[in-house]
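Structure, as structure tokens:
Chains here go by letter, A, B, C and D, matching the order in which they are written, and residues are numbered from 1 within each.
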């Protein structure tokens, strides 16, 4: 088992005088196998992104357990976590904002290589950076640019390349396409899918969009107000949803009028 | 809303208490509070050498041998009741003198604030609406000069050109309405310039917001867009700055009152500093800090009145 | 709205365009540079000894020999202004360097660590900001005794709060930003994140603040000296010089006019530099965004 | 659906170009666009971020910033908008042509009650009293299924959820029953649940009112659900325009085909490459570097838009090939 999450809870206290507790994540259980994609779907504010940050120990859970290849990650010191950071990576929602605004693309891509001493020389670093760039479909002209000089889709490719540099076993993709145009979304999704298959990466794919989740996931978990209400295979969730909320979500897919379907597809 | 007021009020009181400790602390770590200095400055004269008896007497009279926290406690306990101790130099209660001098400063400050806002706000709005016009450039350049002009120098420029050159306004003192003009203008210039600049940039910022586009798309007259939709939003940051500027003005009043021999708190403070009249200095600074805290409280409250996002929380 | 249109930049013409677009920045930087040069070369360019008293040439009007006239003690006003440039700038540089570094560090710690450290630092800031800055500086100067040294210490103690607040606010925003989260996920250590990811992004607003602060400090210093709390005779300082000319405004206005002019030009130059730097650093204005 | 060619167009745009002056460069955000909107039809303008579709909408209302300039002709009911006086424009905005702005989070004035903000547009154009306006707004709110409408009138924008704010913006756009409503990216940044809600809402508006709608979106599926006709924009130009059924069933332009194929429901096939910057356009056909059927001729010849079928226009040298 690559990732195993048991009874994960994250509480936040709100208010200054009369404190009340909000459960952003409430007893969540799931697991991700090697090379598998688990889709996590739910409305904005349901706690999906909190789960992402909990998995990577960017925030500490209130209780529960997160295991990576059998190793318990909760309660581990920051120093001890560094060993696992390389293997577990994340792609964020806002591509431009997930890159250091004052670092050129070349520097952003070289950083993980230097951090884990994955290259032995400057020359090797250069070769590897080019290789990464190539893998995500960018060209050398992008190397000397700053993040704000890229389009959203291009920036997201850089973020993906930076994650690939570490050759991780597990990636969390937190709404990687929700800020992008539909056409760019297709580019990014097919890129993620392709790379995942090439490198056998396990993935937690978070999205509010059922269609997107359907396109990339093997299994799907549905989240509502901090709880997982239904988990199942892609076929089961889309063909025979059991929970009423899942049914509601499937009804929000925009159905194109059948009369308008292209001849060759009908 | 009540909770907000309560919270701000509590914070203000805390800050004032802390400020009183700080004031007391700073002033009592000084050579000014040794019996010898007090004797020399306030009783026997600078050239005299105090006798041991005199030193003992002064130490006893002002309880100077007590530890600092005891002295502070005594002072603050009386201060709460309106008694700030006796002036070393004038031998009368500090509170009494402050009461006498406060109206002059309050008058000067109030008039200057009114004057600066009256000029700065319409000017800031106009400059923003007529952005990059000749008027805008002129307004910005004059504001820049006004900001950069030290008040004491501006005061002399005004004196040279208006009092000496034309003999229009009295140079010093507080005797009549004309004598108010030069000190007011001096104090108002800096504050007005800062307010104008903030008003302008805040207005420009607001005018580029999405909801202004919405308002225009409704078919409002441009004046309606500005007056009904932009102004209120643009005022928010200005309110905060006006509060801060008021603090600058309290500081500036020390200088302006010195230049124009204006019988206010500022002049009293500076005179007391040179006379090593520590109780007096302490009282003046505490009063200034309190006034400033009160103004900031009012600013916060009016901010809340203007902004529903503070007045009402989010509906969950 | 998709009205943001990326504009391709030609880097070759960068310098020319820079001068053309940021006229104000270039001009104000040039004036600041001149002021700094005057301060550095003060002894070389002074026409007279700024402390040389001449009882026969008291309050002389401007002449060939004394371009700005002489003061009530017969000293060359121009030489004293040049000497005063050095006094003001050196003092301001010391104050900004110490209070800026201290404030930035405290702000970084406060924002990044949070918790008790943050509360302590911020409450201290609140209390210091409870006074109008010049009043607090006056109290401190009174406590230490009048003099330039006291003024420098007092203004340093007062001015760090601005940097601490600014940096803390920036750090709090940056800490939440995705690129810092990404850096953490990447396995960067806290120290590295603080210095490589956060610090470079707060430098720009700090530089802007420092430039505006120098203007403010020069003014505060002159104000304190004018009141007699700062530079003591025979030191040349603009505020003190204006004070010395007080009684002669009727007969010899030049004694107050010229040092005031120097003061104003300095404040103006540093304020303008700060303003145009702010515009320069603001990506919204720098990029080809349509307003 | 109505047959639109029966009547004369409500809005007629001919060779409209809109330029922006950014520092020293001039950028053409809208390039010689011609289109008509007929009474009661929904026209969707589909394109990717930065293709100029929002600029086109704001050109119609003449609400673009001062560093822009429009050329060509926009005729609305006999009024030439590009030459209209400020007063004529003002009377047109909100009353004749309504707008539903893009972002619900920032398009409402945070300091004013939402009810007041909707009443304002009524009082401006309908010469109604305060009470009457109030009543109309309550009616509008309840028709748009805003819960507890009378109470919601007195709420400030931050007290409403995103979906409710969207409803307020819609009610503002339709309050004066304008003949044409411009809807700017109504689903951008919304999650799937809210997107569905907004699409339903707009669908009801289009069905209920007798007004025409110009829908600006990057999402072909939104356009497919709502629009009668679709115009596809790429790099400032219209590349294909026709009836929804025609375009979805038989897209002629390779860009339209790719765009449809990139939809989640249509196989997620990505378009290679990136949209060009408007200041650095490729030679010849603007889509040519990314086109799967491009040939050398495409790189040298800029195609004109031509009618390939009944009211179906395509800008491609090989429009009749597919």
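What we mean here is this: a residue touches a chain if its C-beta (ideal position, glycine included) is under 8 Å from a C-beta of that chain, and two chains touch if they have at least 3 such contacts.
Given the structure is predicted, the values throughout are model-derived calculations rather than measurements.
Novice: If you tally the C-beta contacts for A-D and for B-D, which one comes out higher?
Specialist: Between the two chain pairs, A-D has more contacting C-beta pairs.
Novice: Could you say which chain's mean Cα position falls nearest to the mean Cα position of the entire protein shown?
Specialist: Chain nearest the overall C-alpha centroid, as shown: C.
Novice: In angstrom, rounded to a whole number, how far apart do the mean CA points of chain B and chain D lie?
Specialist: That pair's centroid distance is 53 Å.
Novice: Find the geometric centre of each of chain A and chain D from their Cα atoms only, then give the gap between the two centres in Å, rounded to an integer.
Specialist: Centre-to-centre distance between chain A and chain D: 32 Å.
Novice: How many angstrom lie between the centres of chain A and chain C, each centre taken as the mean Cα position?
Specialist: Inter-chain centre distance comes to 46 Å.
Novice: Going through chain C residue by residue, note those that touch at least 2 other chains and give them in order.
Specialist: 6, 291
Novice: Listing for chain A: what residues touch at least two other chains?
Specialist: 151
Novice: In chain B, what residues contact two or more other chains?
Specialist: Residues of chain B touching two or more partner chains: there are none.
Novice: Chain C touches which residues of chain B in the complex?
Specialist: Going by the criterion above, the answer is residues 15-16, 18-19, 22-23, 26-27, 29-32, 144-145, 147-153, 156-157, 159-160, 164, 208, 247-248, 250-252, 254-255, 258, 269-270, 273-274, 281, 285, 288-289, 292-293.
Novice: For chain D, which residues count as touching chain B in their complex?
Specialist: 61, 63, 86, 90-95, 98-99, 101-103, 106-112, 120-121, 124-125, 155-156, 158-160, 169, 172
Novice: Touching chain B in the complex: which residues of chain C?
Specialist: 123, 126-128, 130-135, 138-140, 142-145, 215, 219, 222-223, 226-229, 239, 242-243, 245-246, 249-250, 253, 256-257, 260, 263-264, 267-268, 271-272, 291
Novice: Quick check: in the complex, which residue numbers of chain C touch chain A?
Specialist: Per the stated touch rule, the residues are 6, 177-179, 181-190, 197, 200-201, 283, 287.
Novice: Show me the residue ranges of chain A that touch chain C in the complex, using the header's touch definition.
Specialist: Checking each residue of chain A against chain C gives 53, 56, 58, 78, 82, 85-86, 88-90, 92-94, 97-102, 111-112, 115-116, 148-149, 151, 159, 162, 166.
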